[in-house]
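One structure, pasted below without further comment.
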Amino acid sequence: MLDNNMSTLGIIFPNTYDKTMSELTSNRSIASLPFASRYRVIDFMLSNMVNAGISNVSIIVKRNYHSLLDHLGNGREWDLARKKGGLNIVPPFSRDDVQVYNGRVQGLTSILGFLRSQKEEYVVMSDAFYATTMDIQKLVETHVSTNAYMTCVYKRYKLSANALTIPQEKGDPYYSYELDGDRITGMQINPKTEDYLNLAMNITVMKRTDLIQAVSDAYVAGQTHFGRDVIMPKLATERILGYEVTDYVAVIDGVKEYFDENMKLLNEQNADALFGGNRVHTKIRDDNPTRYTDTAFAKNVMAADGCVIEGKVENCILFRGVHIKKGAVVRNCVLMQDTVVGEGAVLEYVITDKNVTVSPNQDLSGTNIFPALVPKGKTV
Amino acid sequence: MLDNNMSTLGIIFPNTYDKTMSELTSNRSIASLPFASRYRVIDFMLSNMVNAGISNVSIIVKRNYHSLLDHLGNGREWDLARKKGGLNIVPPFSRDDVQVYNGRVQGLTSILGFLRSQKEEYVVMSDAFYATTMDIQKLVETHVSTNAYMTCVYKRYKLSANALTIPQEKGDPYYSYELDGDRITGMQINPKTEDYLNLAMNITVMKRTDLIQAVSDAYVAGQTHFGRDVIMPKLATERILGYEVTDYVAVIDGVKEYFDENMKLLNEQNADALFGGNRVHTKIRDDNPTRYTDTAFAKNVMAADGCVIEGKVENCILFRGVHIKKGAVVRNCVLMQDTVVGEGAVLEYVITDKNVTVSPNQDLSGTNIFPALVPKGKTV
Amino acid sequence: MDKEIIAMLLAGGQGSRLYALTEKLAKPAVPFGGKYRIIDFPLSNCVNSGIDTVGVLTQYQPLVLNEYIGNGQPWDLDRLYGGVHVLPPYQKAAGSDWYKGTANAICQNISFIERYNPEYVIILSGDQICKQDYADFLRFHKEKNAEFSVAVMEVPWEEASRFGLMVADDNDRITEFQEKPKEPKSNLASMGIYIFNWDILKQYLLEDDADPNSENDFGNNIIPNLLRDNRRMYAYHFDGYWKDVGTISSLWEANMEILEPEKSGIDLFDENWKIYSRTAGYPGHQIFETGRVINSMITDGCHVKGTVDHSILFSGVYVEEGAEVRDAVVMGNTIIKKGAKVSHCIIAEGAVIEEDAVVGQMPTEENKGVATVASKVVVGKKAKVGPNAMVRENVKDGEEVC
Amino acid sequence: MDKEIIAMLLAGGQGSRLYALTEKLAKPAVPFGGKYRIIDFPLSNCVNSGIDTVGVLTQYQPLVLNEYIGNGQPWDLDRLYGGVHVLPPYQKAAGSDWYKGTANAICQNISFIERYNPEYVIILSGDQICKQDYADFLRFHKEKNAEFSVAVMEVPWEEASRFGLMVADDNDRITEFQEKPKEPKSNLASMGIYIFNWDILKQYLLEDDADPNSENDFGNNIIPNLLRDNRRMYAYHFDGYWKDVGTISSLWEANMEILEPEKSGIDLFDENWKIYSRTAGYPGHQIFETGRVINSMITDGCHVKGTVDHSILFSGVYVEEGAEVRDAVVMGNTIIKKGAKVSHCIIAEGAVIEEDAVVGQMPTEENKGVATVASKVVVGKKAKVGPNAMVRENVKDGEEVC
């Protein structure tokens, strides 16, 4: 094999923080949420891993994974349809005693046998509630060169209103780090500060063998959360380093945050920052180019292929196959795949899920703070 | 599209009759049981469908499906890695309310939406507890030309001892048909006769729209079993025809039957009957040819690629990667993938599951009636 | 596994009349319609018609075409038995030959065809824009109990003498073939798409191959020979959209016509007859504050800050503020800088039109020329490319090219 | 995405010394070792070495080879960026050429290589049986800061004059190259496997291409030119199993050697260096009551009722009762009927050896010849094929061929 001291396998947890935005995740994982006109959130981290030369990625699914399975297929679009390694989707159970895992430790326990049989030296674990094109290869190189036990990625960040208000028992814990130089010396669980903090991205690099040991130990001790039960107790004894990500990161942890992070991409600097790096791969849909007719008016729009624009559209993110009919006016909206806006309808501050139909001359509006949300497949 | 009045989609239920041989299905479905040195049982029906031009097959899994997922992958080996149609594996639930389906009706209910959105006119449904290379195209043509509501495949068959003795509450019901000419006029549930009967193969052809209607009706009525609750009540009012399969059929409904059906293939007529028709596709393993050393002695053996034979082997079925070391004697055995038989060991009437290691000089023997079974991964 | 029908797609042509576009590209690989290449049409027609085995006969500059076709996955033609196969010329023990004519290209690949033991072979052309159901054509062929069928289009009588014409009786049986005749007896133009019974085709290919005076061409040799022997030959009428895009102006026209599907009849938005292509994989396109787009097709990855009117932007095109793009076909990754004016032209992939440059002009009574800029060419600041120019080299700042 | 290294595999050779086997088959496509073809070795070496981009240069009878390589999936070479690509000769706007020599074949595909912008290019040969870690070779190349490296094997001094020899100093730096010299100064034979820095290779290819007197060959032209310019050239010592299978007897020998991996060193059972191949997909092989097999390799789909001793049966071979197969290489789907005796020979795919026929003979002092029967040939009842015969046509019942 080519001299690669940093051979690495990837693990993604697609369901973490699902519950922060249950309106959009009632039948999908946060990872399969459509984002930025053409992608699903998981596309970003999966592409980052592939672009870093990782060709062995496991997705440990927990619930609502049918749409994710459908999106990922055999991994071909990410070049992960491989004979060796490739994409490994781990269903939540494989025996009669059906149970859904609760926390990363249990999820990892279910693939301990797999982890033991792999050959890669390092493991990168990640959630999929953010869109970024950070360089994973550099992260692993840093981990190796600093000879750390574990490297944890964080972002200087102000918590969203949603994170500050959501009840603690709802959903997965989040963490912030206290740093002494590079070294993480302390962690807080669900901090409630409005200041900048070192938000844990839950992207962790460590040796495969160390991970196996840590997970086995934690599981035997009946523990569930990787941050609380594995990282925190080791802070004093092991060299656990922080790694600040300075790339563009869209953190998606609430409906409003989802809306805002989409809208931010209408700014060219932001879009270039997100897409200027490595290519982000996604499922191919075979749409034709987007058609603007002679009655179209468009300004500040990001739109994928396959749309037909006959009306007026301003400050919008349009996913594949959206059709805005004559005389319709759509402003400040995120319209997911195959949304149809009927003639003369007026939409403002609306998020439509997939396959929504807005009847002709229908008015629909939310606000900047509470964008209205039309669920999947509905006709309004 | 090419003029094809018989466009058909396939549905396979891989778990039916799992419980008749729980020793071998504790961590796999009956469909993923290794059979005939190189295959899994499901390979046969899946290949039959593909060879009949069906390119849209759904597998409705129920439990223990990790090995089946692993075997089928994206369906490439069966030419089912398609953009349109292809292989569609339906996991047992897609919402938080985890539940495993109980009977074909519930399984089908979970894909009603999918069935409605397809374009094929006919549906072939099948279990996967038998190995045969019957011609599914002829079956569908017969169904179309007789203008039947439903065509059900049966085999003139004497029930196995296992079927006769297994308690009725254990496992899925089986059926026999009473015929008047082609027409099925009556059905028996779990008949206990030692005579030849018209054993239902649970292979059913009908129009897609009729299936959708029948399943919807049955589900609303709270019914579960397709044979008992859908077919039987319609016998009087609908033209439901029987179709006798005269091809070679290996019915696998018990451990001894599994053993016997493997052994029967050592007879050239039987092997040619099973493999003389269309090609049976299976997962590729990249084994090298089987090596016989200068100390090897082999007689009446069916062996897949990847074996190394240094000892004596007689009346055996050897799956891929079996290694029989010097001085070992193996008679009347079925050795699954990667079984290693140590030097000087003697085996008679034994079934070893995958990755079994038999220590040097170990004696192991079952009988013709009760072959000994060594579970997966064990060292004895 | 035997196949009822397989397709052989003639993709060898150099397309010399498209010279600036085909210098390093086989004609079937020329980009079209925002995200397609010409060959997407016959390939998609095949798969939509249920034909899953296609041999693509290449010989001129096939690298881009080979890479584009790849394993055929975008067209669902990555099949275990069948699928799409590129067939270049090759050397044999007895010698080696380039494909001499269309018939010779097929003849050299008889062993490929026989692998599938087909009843019928459909011969397709790689330089036409057309959505056609070959299954319907085959149904006609079978119904007529034909040995050979050819797809024909009715053309205006006054243009008929530009085409190869089929003279047919009331039952569509072909009685005569006229190649670009001065006095046409028919207005049924051959589309160059044939269905043969394989046994007949093979017989005539071998006969033709043995004839040292033959040009080994379907139109000039095989069809006349079939007529000579009074074979059962039929003309299949096709009346959908069809365009031979062998010239710059017809290629430009065809692109413009997809902007008006209601009028032209070439609808790329038809869910029941999708045209598949290999996707570039850019993010969604963006139209910014100063961008204006009407009557146009815009593809993933474009950034529009200027005006785009009645034009097609392929993937990754940048139109800067103040730039104007009208009646233009702008292929992938081209950059049109501030103040540049681009009209009634074809600009190939990766070109750069510098600030205030002018390419093409809107047609006038005297001049309806379509300006052409070849791939990766830089047209300098304030340079001017005239309406009849075909630019293959960089144009210096301020320079004028007519 | 740039690649550190890509491989270019020369697979154009006719292999005329294997004539009966390569009449309709490029040499790299010749079956080997029960279920492989020769090209499986370099392709598997590439993927096992972490090289995921391979250009395969073909020109002679490529149909079987193309079909076999397909999308590269069996070797895990169906990659979105990179993977395996077949590169036949093609026509350009400026004219067309068959590949004139090994260097010319690479030269005509510079644009293919540049697509991946590699630092290094490894040139491989499609007619060798060898398990080699190219990553180790590349490590050597980098450590030496070389511009060109060649893999060499030590050969016995008495055979050295049959090879192209590299004369190297203590530091492995090459000082001289001798092509089949009468008086060898070295016993380091070139394996014809080279690593170049791409910029250097490109420079010398273009120089060579401009020289009308050049044979456009690596050994005869490029390497001498590198030496002339005193380039940093190094010899990488390889001491594993290596065999050029360019003759019937070396091909037969290499097959026999895989029967004794412990002795020969060519172990196909090595889990850490798998050789991948496209699988025929037959059921497991069967040995019946009267069958006897020792010291042999048997592949899926074989039916054995006779005796098979020290032989290789490829997939789907039938050996009937009373037939004897010894020291033989029997390729796929061949039938050896009752009482036939097949010894010390190579029988190509789909041949039929009728009852009581005799093919080859066990070697004697005077005659060690390897009989060869070409693909699909029928050797009639009681016919006899002598130990030096190369049979390309059917042999009639009772006929003797020497």
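Per-chain numbering from 1; labels A, B, C and D assigned in written order.
Methods note: contacts are C-beta pairs under 8 Å (C-beta built on N, C-alpha and C of every residue); 3 or more make two chains touch, one makes a residue touch a chain.
All figures in this text were calculated on a predicted structure; none of them were measured in a lab.
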At the largest C-alpha centroid distance from chain A we find chain D
If you tally C-beta contacts across B-D and across B-C, the winner is B-D
In whole angstrom, the CA-centroid distance of chain C from chain D equals 40
Chain-centre distance (mean CA atoms) for chain B and chain C, in whole Å, is 48
In chain B, the residues touching two or more other chains are 76, 81, 83, 286
Multi-chain touching residues of chain C, meaning two or more other chains, are 73, 78
Within the complex, chain A is touched by chain D residues 1, 4, 48-51, 73, 76, 78-81, 135, 138-139, 276
The residues of chain D that touch chain B in their complex are 33-35, 73-74, 259, 268-269, 274-277, 279, 281, 283-289, 291-300, 303, 312-313
In their shared complex, chain D is touched by residues of chain A numbered 1-4, 51, 76-77, 79, 81-84
Residue set of chain C touching chain D in the complex reads 14, 19, 22-24, 58-63, 66-67, 70-71, 78, 85-93, 96, 98, 109, 111-112, 115
Chain B partner, complex, touching residues on chain A are 27, 63-66, 69, 73-74, 76, 81, 83, 91, 94-96, 98, 100, 286
